[in-house]
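So, here come the structures, one by one.
One chain, subunit A, appears in both complexes that follow, with subunit B as partner in the first and subunit C in the second.
Our next item is the complex of A and B:
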């Protein structure tokens, strides 16, 4: 018959009491500490941009925007221009995309739409392992295996495509072409695993409706499922592109490291990441180092723009893919 | 009509076969890489590789013991930077996060994850190497740690989110405060996943080469201390494979083989654990 005892613990003055209680329970402390760690990500990113900007100052002040379209790279004369590297980065990435997009999207369609679940997950497992192979190992194999193979295949490539300016001039093995092929091996797994995820998330009534209308398996896939998953697939391609722009080791080992702009894919070239990797440790003088850091800033800006676009595309179709 | 139908069927079979071919090609590449490295790397692997210092040019034999130790030290430093911050940040996003700030953190994390590793190397160079005026293990560890950060955050968040809400509610119904519920119930429940995520993350940075070239720099001998340059396995593979000596190429094959076995081994084990967990949860 006693009165319920619930009122005894009631906080006398709501707010102050509950803050005290939360402090004592550790809630406030846990909240603050974890908040600071989450904030650290934003702080690190901001610091990264700041350091790149600050340390590239000598080069930015001396060359201004013309840095981006100057063709000479002559450390001895103190003349630095980014164009050969930007050109090399874009050409090799474009070549890699030309090879990797059909291959990757094709394999993703097969794994998501056709293969029996058991085989599909086993193959996806294998392909995701390919993504985990360190790039220095891919570059190493590219140099010792792919390069000799391409040298042997050169006459055939030439007889088929030699009439275009793209495959003219002597071929020594190290070239834009070799770098593009090596890059494509590295980015195919990304396209496959994200595109497969996106295609799998297309509702199955889309497929069923197409099949019920008499479409063949391929028609339902190509005309219904793929357009439905289009945004996510494009997003996966953008992610792969950002990846290939920043790829360093594999490219460094097979591109030839020669800061020249040539129309021929068989000619040796250079890329932004490769020149930083090769010359940074030995760069003497503020201007030389500043120029290399400014190249890093250019690379950073390129990948941030492409990644930002890719995330928006992938996130808008599926929640997966944001953490990969 | 029948001609049209036949054409559609042919296209169907042809295109489907083509997609199958793409898959075989992609998966075949991995098998080829593994097979090639296995044949060339394993054959020249000896006990000396794990116990000896690199031999001088022209002398056969020698090993990469210093690089193996160097890689281990770099990974330890990287974990000290990346794991605690990443893990606690993940706890914030999963358990405390509001809307605006959390999505800003998530988006920044994704962007940071896309930054090329060589740019992270420049970052560590500017922060540690420039003020100290010499290369060091610390700088290499910082570069790798920053590379680990985004994945550490996102994978911790994901595994914490997979813990059923009922567990949190149960703990709080028994009178636990929110932080007590998180640290004694939710995190232990997500422990296996989080640790697996860290292993995968470590396997990824273990193969990073580019940021080490001008932070940890490399060393032909035992690294004299944490504040001095050190060799690392991937960095040795790079320097040895671009050299002009056959002996060094042979060593690079062995090093590549060892690195690949380590990285893929961790990946296979971790993915099997994750697959099993997902299976049980369903």
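Our next item is the complex of A and C:
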């Protein structure tokens, strides 16, 4: 591009030259501005990690790596361990994903491919509204509506799944299970809304080609459109996962806030975000505050590790059969 | 022209505002916040030149910020420890004074389908339940003081606060005094390592969990129980009387304390006296001993004086137990220590 420009249109000299150059450098300006935007985001993240690392020093020095696998959380004795909280965070998020992924992707396929346009746009509007509901409201619904409903449904769940260790022991309503279900309600709109947009943006000649080859409508959707949109759908799932790992208010209302590790999903538990929200305001002393801040650091690391692992999994399984 | 005049008026208003208004920043405990905000509002109506801005950031934050000097005075649900007093003195070069304002108390609330009688709890029963040693409602420790009540053979579901709170501190402070095992085990603090039970964030979540969970037992702040008209049990005091918590029996608990220390740092759980409810505590304002700005000093000391006289008359409308006359008299003398 620049080579012909120099020959056809020789650059002016002196003052005029620098003005001309500056005008040509519009690209440079746009480049700089957008770079600064991107850099600001990274800088804020880096600062966050640095501050978490710095302020968790009393706890890091005292407990070292054993913080990660210690089960005791005793503010009075000054003994702090993160394991029950890490466990609770992973279990509730995993449960939420197990419920939300099939539900969300299924709904997105229906809304984008199969539903009549009127119904699709009306439902999409409602689903996006659900995504905007504040988490404390979802927490209230979980506590006052879902929790009594689960208590009533308990005998049926037990008779169907009670033989597994996952549904043993007493059930008080607040549990890993309740927290997982509440989280799935919170993240499903993200999966539906983004996946639907991605599926809608698949070029229609893809569908037409499949249909022309004799595929049924479902075959064209499932074998051609969904694989084409796979990357975007996976992206929506990552966003949902990040949200569920860090969710605070709704989880603390229904998880039971008991730092214990139990195999049963019916048992009460605790999550990292919930304990920070519960105890930070009244935490006195550098060690106690440091331990809570270190939990924040652990949550950050956990998010990166889980997201990274999921990404590797996706990359290793999507080599063939997709167009992107 | 109009612009000039209005500009001049604006400037005058601003100057007048700056000259007369005394804004005081305070913050800390959340439990007495409704009372404090009412007081500060009433006091501002009485003395329009003084406005007190209170942020309910929690007792921990109140102590920290007043120590750092970012608050003119703080508020806490716990008496400062010796270490905290020393830290304040090291940092600021003078002491911090504590002034009790109102009283808080905890009550045991339970959900027993079919039981309508008000239950009586002994200290041993409460300690046993919260230690996880007494697990059934028909344990002799519970049925003993409740003759004629048909208590079921069901597991007790313990409910406690999950957030750090003064309410928890009062409850475990009481358990520490009546049970050596609790004192050695979970101990005393705004949050502790609970041997058993479910956690709820705030009084409302504990009340909600108790309401929704059959055969549960939890503790809530008396003010909350009174305002929401919850049912709750009686607790046996050190004189052997099963007391119902109400504003009078809580005030009686603090009046029963012998040898009130000059700095008011005293735990009043399990006090002597027949009419005293045993699970109660002061909540304190933390005022620096030296206030360099004379106008600010006058505003704060005047407010403390008002709080101890007229202020005490409006506490019961908000379901807070007021201070006994003996403590008020002692505090009035202590105001003079502020220089």
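Rule of thumb we're sticking to: the second predicted complex is superposed on the first by the 255 of 324 C-alpha atoms of A that agree within 3 Å, B and C clash if a C-alpha of one lies under 4 Å from a C-alpha of the other, contacts with A are read in each partner's own complex, and residues count from 1 in each chain.
The criterion applied here is as follows: a residue touches a chain if its C-beta (ideal position, glycine included) is under 8 Å from a C-beta of that chain, and two chains touch if they have at least 3 such contacts.
Since the structure is predicted, the reported quantities are computational estimates derived from the model, not experimental observations.
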- Identify the partner contact of A:143: answer first if only subunit B is touched, second if only subunit C is, both if each is, neither if none is. both
- Message: On the A-aligned overlay, A:166 touches which partner chain: subunit B = first, subunit C = second, or both, or neither?
- Response: neither
- Message: Just to be sure I read the superposition right, which of the two partners does A:94 touch: subunit B = first, subunit C = second, or both, or neither?
- Response: neither
- Message: Just to be sure I read the superposition right, which of the two partners does A:246 touch: subunit B = first, subunit C = second, or both, or neither?
- Response: first
- Message: Once chain A of both complexes is superposed, is A:261 in touch with subunit B (first), subunit C (second), both, or neither?
- Response: neither
- Taking the superposition as given, does A:284 touch the first partner, subunit B, the second, subunit C, both, or neither? second
- First, second, both or neither for A:31, with subunit B first and subunit C second: first
- Query: Looking at the overlay, what does A:55 touch: subunit B (first), subunit C (second), both, or neither?
  - Reply: first
- For subunit A, which residues lie in the overlap of the subunit B contacts and the subunit C contacts? 143-144, 252-253, 277, 281
- Task: In the complex, go through subunit C and note every residue touching subunit A.
- Result: 30, 57-61, 63-64, 155, 157, 162-165, 186-194, 197-201, 205, 208-209, 212-213, 216
- Can you check the complex and tell me which residues of subunit A touch subunit C? 72-77, 143-144, 147-148, 151, 170, 172-174, 252-253, 256-258, 268, 270, 274, 277-279, 281-284
- What does subunit A use to touch subunit B in their complex? 22, 25-27, 29-31, 33-35, 37-42, 44-45, 47-48, 51-52, 54-55, 102-104, 106-107, 109-111, 114-115, 123, 125-130, 132-141, 143-145, 185, 188-189, 192, 216-219, 222, 239, 242-243, 245-249, 252-253, 273, 276-277, 280-281, 293, 296, 299-300, 303-304, 306-308, 310-311, 322-323
- Message: For the complex, give me every residue of subunit B touching subunit A.
- Response: 8-9, 11-12, 15-16, 18-23, 25-27, 29-31, 33, 36-37, 84-89, 91-93, 95-97, 101-102, 104-112, 114-123, 125-127, 130, 135, 146, 149-151, 153-155, 157-158, 177-180, 182-183, 203-204, 206-210, 213-214, 217, 234, 237-238, 241-242, 249, 252, 256, 259-260, 263-264, 267-268, 271
